[in-house]
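Contents: one structure, followed by commentary.
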Amino acid sequence: MSRVWIMAAAGLAILAALPFLASPYVLHIAVQVLILGLIYTAWSFMGRFGLVSLGHGAFLGIGAYTSALLWNLYGVTPWLGIPAGMALSVLLALVIGYPCFHLKIVGHYFALVTLALGQVVAFLIIAARDVTGGSLGMTPKAVGTSLYALQFPNRIQFYFIALGLWLLALALRHWVSFGMRRAALDAIGEDETAAAAAGIDVMREKLRVTVISAAVTSFGGSLLTQYLMYLNPETVSGVGVSLQIVFAAIAGGMYSALGPTVGALLTLALTEGLRILFGTQLIGAANTIYGILLILFIVFMPRGILGVIEDFSLSRQRRERAGPARSAGG
Amino acid sequence: MLEVSSLSADYGSFRALFEVSLGVEAGETVAVIGPNGAGKTTLMRVISGLLPPHSGTLAFEGRSLAGLEAHRIVDAGIAHVPENRRLFPRLSVEENLRMGAYLPSARGKFVERRGWVFSLFPRLEERRNQLAGTLSGGEQQMVAIARALMSEPRLLLLDEPSAGLAPLVVQQVFDLVRRIRDEGFTVLIVEQNVQQVLDLVDRAYLLEAGRIALSGSADELKRSDTVRRSYLGL
Amino acid sequence: MDIFLLEAMLNGLMYAGLLALLALGLNLIFGVIDVVWICYAELVMCGMYALYWLHAYYGVPFPLAAAAAILLVALLGALLHRIIIDPILGSAPINQLLATGGLLFFLQNFATLLFTTDFRNVGIRLPSLELGDIDIGYARILAFGVALLGAAGLYLFLARTFLGTAIRAISQDREIMGLMGVDARRIYLITSAIGGGLAGLAACLLVLQYDVHPFVGLSFGPITFMICVLGGLGNMIGGVLASFIMAQIIAIGGYELSVEYSQVLAFLVFIVLILIRPQGILGK
């Protein structure tokens, strides 16, 4: 156990030192990795219990547009706008989640119902182009560095904010996964009937996870907007973004704490790497390779990169403990 | 015709058959009897290729069946009427028969075979357009046997044809099997209804806890103390 | 009745034929293999590009190009099954859905890489049928007619042939298909090819009405999934019925409100209906 803590402390130290060592460009990527990591982690709250949502773009979009619209149209501070977006997302999650779980809509059906939800929000944003700017997107009114407006053009400041919030999301994940209800949720993921028979209110637990996931995703959407200071329906809602969330979480490993963040890192590194390599000549190249990687991941390592590494180190530990055993076990 | 030697097989994680050997000659009717869970159905599933054996050999007409998938074994000439009939409930009787004649070698003769099957089971002709799931248990068993006969098999495997049927219907099913035997088919039948099946077959094997406990002609088994005590209740 | 509303509804009816064709393909695949091809509309996109290049660029006569496109997409469907679905048939169904999602990403972006995001037109403009004040493009009428013929052909195939019967039987009892002499893996492959072929047929009809671009699939893919769920996944008749309902909502909504709001309306109606009848409109 102590080795884990030492590694965690070393990792934190590196993360804390990063802004003072890295170039502005690397820092820009790092901030995005942290914010996307937070969002993907939020998705994995549900994903790891078998609730595969293909509509998280809905919550992302609601979060992003609610705070930005309230600020631009009425001058409402994001301090209120962000919670407002979260509240809306939670409401939507309840409206969809309650009947879905009540009627035992699972698997394909749940995935496709949530996909429809994502479409509703995406088309709403485009349709309301008078206020949202439609497909062209919109820019929150910039006021320079301001705590009231939650705008921090200074990357280093924003980096630390994002780092703190990302750590909070990880803590939340820990609480959801390893808190009181871990046994309950694991039971839900594996065998719903058995869980119900053991006196677990399956529906309540599912709803709780869904609500938390929606709220954090919505928060992430607002955060992304505050950082990029630009938003459009394609980057914060719709099928594309929803699938990207799912894929990054899976590629990184949705069963591991850092998996979704690794997925965010992988995605951004790939996109940026190919952009630098090919410039703008080969539009689509990055995502083409990304698509192939996703297929390979799902076919060959559905537990993601970190899942595979964990399996590997676990089996090595077991081997070490068991001495020169013939098989790795597990 | 069918040679099974030293066959072992697993049911899930349990060993269900231990070194089972048996044989069926052309034109014979042979039964495998034994209590619930003795491995009778597992044996049938291994022969028809639904379950790969753990070890041992299977040969049909001198040809090894090792590693053949189920659809190849049907092609080799063995038809299996599975436990619980397993009809396609939302296909009509006729369509179930069509599935039985799916093999390219049987398709060309479909109409002719269907006519023959209907002459054997006139009831099925009356019900030909009815969904199989809506038939009575006895009628369903007729369809299951008829479906298996559509592929012109040389060996017919029957797994518990009387299971779950009312006593009167059980009698009808045994009459059916008798008719098929008299048509000259080679039949390997698994049954719990020991009394009736021993009246029907030439030879029988007693399978207990995955091993052949006893084998011989039907009359020998009827006279054996084990069978009389445990299965005939005498 | 408003004459233009009537025109919108007639156009919706024509559009429903196309959606029904796509829904039939998806439902066929789901019914047999238990997998949702989330990249189905992207296969249509591939067919549209094939037609564009063959006909508009290389000058191959349209009927010939159409046949080639249908074959190509059928082959793509079979390949998709062989390479992606078959190796993971044993894992959770949702993984299979997600793997085809990866393919969606790949196809969209590979098309962007090869052909850029330009909108391309196959260059055939059919005239319109004028009935008083109403006019309906012959391209739409043709699409509706051919879609109906395609559906009828599929019905006859499934009802009358040995292979079609096996395709219907396999979802009722997978295990004993082997006892019928049926190689289930071959049925899966053939079904995938037929599903692909239907997508190819839809591509031939769509290309007469719409430009092709790498993201064209997004404009009818999601609505097709909703239609399939609404009709009950795997339920062919339900899918056709749901196509007509959804197409009318989009057509009337598009006329009364706007294109985007009609989509919002369609997806909202879908969500509400599915929460009322989760088993689909025709489910028991």
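Letters are used for the chains, namely A, B and C, taken in the order the chains are written, and counting of residues starts over at 1 for each.
Please note the rule applied: a contact is a pair of C-beta atoms (placed from the backbone, for glycine too) under 8 Å apart; a residue touches a chain by one contact, two chains touch by 3 or more.
For clarity, every value in this text was computed on a predicted model and none was experimentally measured.
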Contact distance in steps, from chain A to chain B: 2
Central chain (distance from its CA mean to the mean of all protein CA atoms): C
Most heavily contacting chain pair (counted by C-beta pairs in contact): A-C
Label of the chain whose CA centroid is most distant from the centroid of chain B: A
Averaged-CA centre spacing for the pair chain B and chain A, given as whole angstrom: 56
Whole-Å gap between the CA centroids of chain A and chain C: 31
Centre distance in Å when chain B and chain C are each reduced to the mean of their C-alpha atoms: 44
Residues on chain B engaged by chain C in the complex (per definition of touch): 48-50, 69-71, 74-75, 79-80, 82, 86, 88-91, 95, 98-103, 106-107, 147-148, 151
Chain B contact footprint on chain C (complex, rising order): 162, 165-166, 168-169, 172-173, 175-183
Footprint of chain A on chain C - complex, ascending: 30, 36, 84, 87-88, 91, 93-95, 97-99, 101-113, 116-117, 214, 218, 221-222, 225-226, 228-229, 233, 258, 260-261, 263-264, 267-268, 270-271, 274-275, 278
Chain A residues within the chain C interface of the complex: 50, 52, 54, 96, 99-100, 103-105, 107-109, 111-113, 115-117, 119-120, 123-124, 126-127, 239-240, 243, 246-247, 250, 282-288, 290-295, 297-299, 302
